[in-house]
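Here's the structure, in structure tokens; my notes come after.
The letters A, B, C and D name the chains in turn, as written, and every chain counts its residues from 1.
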Amino acid sequence: MSPHIRNTAILLVKTSLRRGIAAAITEFIHDHGGHIVYHDQYVEPEEQLYFTRIEWGLEEFTLPEPDIAQSFGQSFATEFDMDWQLYFSKVPQRVALFVSKISFCFTDFIARFASGEWNIEIPLIISNHLDMQYIAEKVGIEYHHIPITNETKPEQEARELALLEEKKIDLIVLARYMQVLSSQMIVRYPNQIINIHHSFLPAFRGAKPYHAAHAHGVKLIGATSHYVSEELDKGPIISQDAIVVTHRDSVDDLIRKGRDLERLVLSRAIRNHLQRKIIVYNNRTIVFAD
Amino acid sequence: MSPHIRNTAILLVKTSLRRGIAAAITEFIHDHGGHIVYHDQYVEPEEQLYFTRIEWGLEEFTLPEPDIAQSFGQSFATEFDMDWQLYFSKVPQRVALFVSKISFCFTDFIARFASGEWNIEIPLIISNHLDMQYIAEKVGIEYHHIPITNETKPEQEARELALLEEKKIDLIVLARYMQVLSSQMIVRYPNQIINIHHSFLPAFRGAKPYHAAHAHGVKLIGATSHYVSEELDKGPIISQDAIVVTHRDSVDDLIRKGRDLERLVLSRAIRNHLQRKIIVYNNRTIVFAD
Amino acid sequence: MSPHIRNTAILLVKTSLRRGIAAAITEFIHDHGGHIVYHDQYVEPEEQLYFTRIEWGLEEFTLPEPDIAQSFGQSFATEFDMDWQLYFSKVPQRVALFVSKISFCFTDFIARFASGEWNIEIPLIISNHLDMQYIAEKVGIEYHHIPITNETKPEQEARELALLEEKKIDLIVLARYMQVLSSQMIVRYPNQIINIHHSFLPAFRGAKPYHAAHAHGVKLIGATSHYVSEELDKGPIISQDAIVVTHRDSVDDLIRKGRDLERLVLSRAIRNHLQRKIIVYNNRTIVFAD
Amino acid sequence: MSPHIRNTAILLVKTSLRRGIAAAITEFIHDHGGHIVYHDQYVEPEEQLYFTRIEWGLEEFTLPEPDIAQSFGQSFATEFDMDWQLYFSKVPQRVALFVSKISFCFTDFIARFASGEWNIEIPLIISNHLDMQYIAEKVGIEYHHIPITNETKPEQEARELALLEEKKIDLIVLARYMQVLSSQMIVRYPNQIINIHHSFLPAFRGAKPYHAAHAHGVKLIGATSHYVSEELDKGPIISQDAIVVTHRDSVDDLIRKGRDLERLVLSRAIRNHLQRKIIVYNNRTIVFAD
């Protein structure tokens, strides 16, 4: 399997809805010889905001890649007040994996990486335990064992931040990393840290959600992948799914059934992020069509 | 469509797990010439409780129907300390429908009733509004308009209770009845009042769950059918389901999508109840195999 | 519930992908003062075809409604070779319902119509039986009893076609109408006849799909809503869904479980059609984002 | 994660429904001091067959394990004409994995094995290619590279059969093994070979089902796990599931989305088999409650 890397540019835009905005962006691409391969948009009705993701082939685009951002910025700086980002599909994203002792989300990520499902690099794995080191060694990825206690947390997170900076990390994936990140790290990587929580948020925030689900006698269990924000388990939700459970299912059964669900939900969220399909607005995510 | 009414007896049992309990019950049926058409059971592992639902044909059963309960009680009274109920499938259950102004759960119930999907009678409909009266008239069901205000609530609920008693009601279905029932009524009909709540409980208890779901930016919405207990929206969950929503869905879209979900979830819960498939234990439901 | 009828125009376009096409359409709307409330598009990668659905508010649109089509046609006739349709949201669509003896899809449709879920008119119901007439009478819709035998089929279908013409029908819904339509009618209403088939097509084409599913021991049953084409059960699929079944489920159970599924799948297909979200291409449907 | 291996005996029974059958089996267990932890049963209504799975703890069971089968056989040989198997939960099952070049079902299986999810041993992996050998080496499992051509097939399958015999294999899992097995092997391992097919059978039998699904424009894709029988892709279905796809999904997208589905469906089927939850009857599976 190859990741089918395309030679495209992707523009994500958030702006207030004004007439002509969609036309202006498509004209910009058209005028420079780009042909659009993807265009999805969303109009937020209450505040009349316009969000779009537009992707076009670069083969015959007349602007050199390094000049696109500047040219786009100039074209629209005066006319529209936009938040926008420009990405190039062929540039692999640099992902740091955080893991503790629970392996299944971690190994799923590694397997998808190894199979070439995603166009990423993994410059480092960070863990507060040694348990996953042997897997990192097998696939040849740096593994930093950084144990965390209440006392050492500030110092150890400083080490982590230094590593993340050094490795020019674009995205942090918490693959069942059982530590709460400090505000410092969350602020440094806004909407760049993806977590998987093993419940259908906002139900069962915090620790031991499967135990709580069992005690409540729910007939479905869920999993939620979200960006990490400063409020615990309250960041913008990217992906959720749920499966049927019954009275027969013990807490251990929920944990087992949940594993398959968590892997799926986390990997979908990661895919959407990597494909630049997500814009965060008002603590909610706009996830453009897959 | 006919409801496929079977001439069977159904026994629901809850007891502490003792050796021989399953054998004893099956022998009782066997010894009197009954052939078992359904047998499901559940062993609660922590408290070692035994729950079973067993159903057998009455065609060649040698005990007359009126004697079965007494005979079963005597056989096991000395040996096992059981909670048990005996039901006969051919006896239609008497259902009271409570409704306010929102029609879709109500009309779905009426349509299923009219099609013969369930072996029930509906001796009366109670509503705090007049909106659904014309439908009741079309199908020829008594409609009692009992408006409720804070001041009149005790008096009006007393009227309702008198009607329910008079009509020998077995089951109350709150088909989007927007009033909170008083403790008095809940205590009188334990695990006999089924409600539909338009969220994936325990998330979004109380009023306006679709608005809350929208504000949270969830990617699934749910519906929950449960028995009404004294704590609001905390009674034993019978059935839940969820469907995908996206950032495009306004609150109105959630309401629309939720309607189909609510109808399904409520009707599944009602079906399980009518088929005597549910035992409540520890604020959770055991729902035997469908 | 009100249908939330918007005062918008909807343009559906299919054309070969050429640079500037998206820009040209958005500019047309922009230049006449329209603000876009929905824009979804799809590029078919193999034949490089461009499909779009664009919807804009008419409140401040400077072209009078009767002139929009002509103006759009002229603007693009020379430049682009387009298949396009223009619709106005506020114009109710005129739906003919065909039904036989099975009621559940029919009554679901009627209930949704009665609740105002859809902006439609139902000028007539056609049936080869009398069974559903009493429901039609209740809601005050013309009911034409047109029995069909092999001998009378051509003549009776001619009567039906005359009625459909007379009533200016836009859409025909086969709500479990058990007759195979003749080619003549199918050709007259291309992609305007929606059928519900009670299987996960292409599995179990033709008669008695639940019996076939049961015989195959499948663990899911499905339902498929599709446009009717000349090959039986092979028209473009609009909507499909599936639910879990087990070895316990008899054919009757499949029929019962399937009813809820069929209603949902059919109503989703109808909604997509009514909202002008569907373009048929190459015997497949493009269904724009809901 | 530990596999939570229980010290229980499991009895699977198929027999014609006679009064007293359930009582007789439960009494046998009861009389020897066994306490039942699981009991599910199914009555096939047309042929009046009785199927049951009963599991009981061995800690205080008074019969020695080696005597249970004989004792049970003698007790019921005269009275009931039964097909039955007795299993002990603590005995690990010996699984042979067959794989070709496609890795994802294979690596998923290996990951579940490595995590201790299942109480199994994998004495050997057989492949017609060398691609997966490096993974087998990492986890220390014998890997037999047995290439197959039309000419060499009989001889190579004979080698495979010899290896399977030598290793006392209980279950063969075809983890996307792209060869059709010969009748000889299928007959030797009846209902002991589990395959995953990447469609919702019976739709899209044979090669390239995702291509066929794409061409048909389906709105769901499925996966099916089944026992291998002599007719290609027609063996008893164990597990099926489906997910939503849209017109946007290319064949490559279906393949990608299907991977997650196939893994899930295959692993559920394997779990049911390993837990002795399946009885095959009439080319259908009875899968007792999970």
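The criterion applied here is as follows: a contact is a pair of C-beta atoms (placed from the backbone, for glycine too) under 8 Å apart; a residue touches a chain by one contact, two chains touch by 3 or more.
Bear in mind the structure is a predicted one, so any value in this text is a computation, not a measurement.
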Selected interface, A-D versus B-D, where C-beta contact pairs are more numerous: B-D
Chain located farthest away, centre of chain B as origin (C-alpha): A
Type of chain B:chain C copy interface by residue overlap (half), same or different: same
Fitted rotation between chain A and its twin chain B in degrees, CA, nearest 5: 180
CA centroid of chain A to CA centroid of chain B, Å: 42
Approximate Å spacing (C-alpha centroids) for the pair chain A, chain D: 36
For chain A, residues that touch 2 or more chains besides their own: 246, 248, 289
Complex contact set, residues of chain A against chain D: 4, 103-104, 107-108, 111, 115, 117, 138, 246, 248, 252, 256, 260, 264, 267, 289-290
Residues of chain C touching chain A in the complex: 17, 19-20, 22-23, 26-27, 30, 33-41, 43, 244, 289
Footprint of chain C on chain D - complex, ascending: 42, 45, 200-204, 216-220, 222, 236-242, 246-248, 250, 282-287
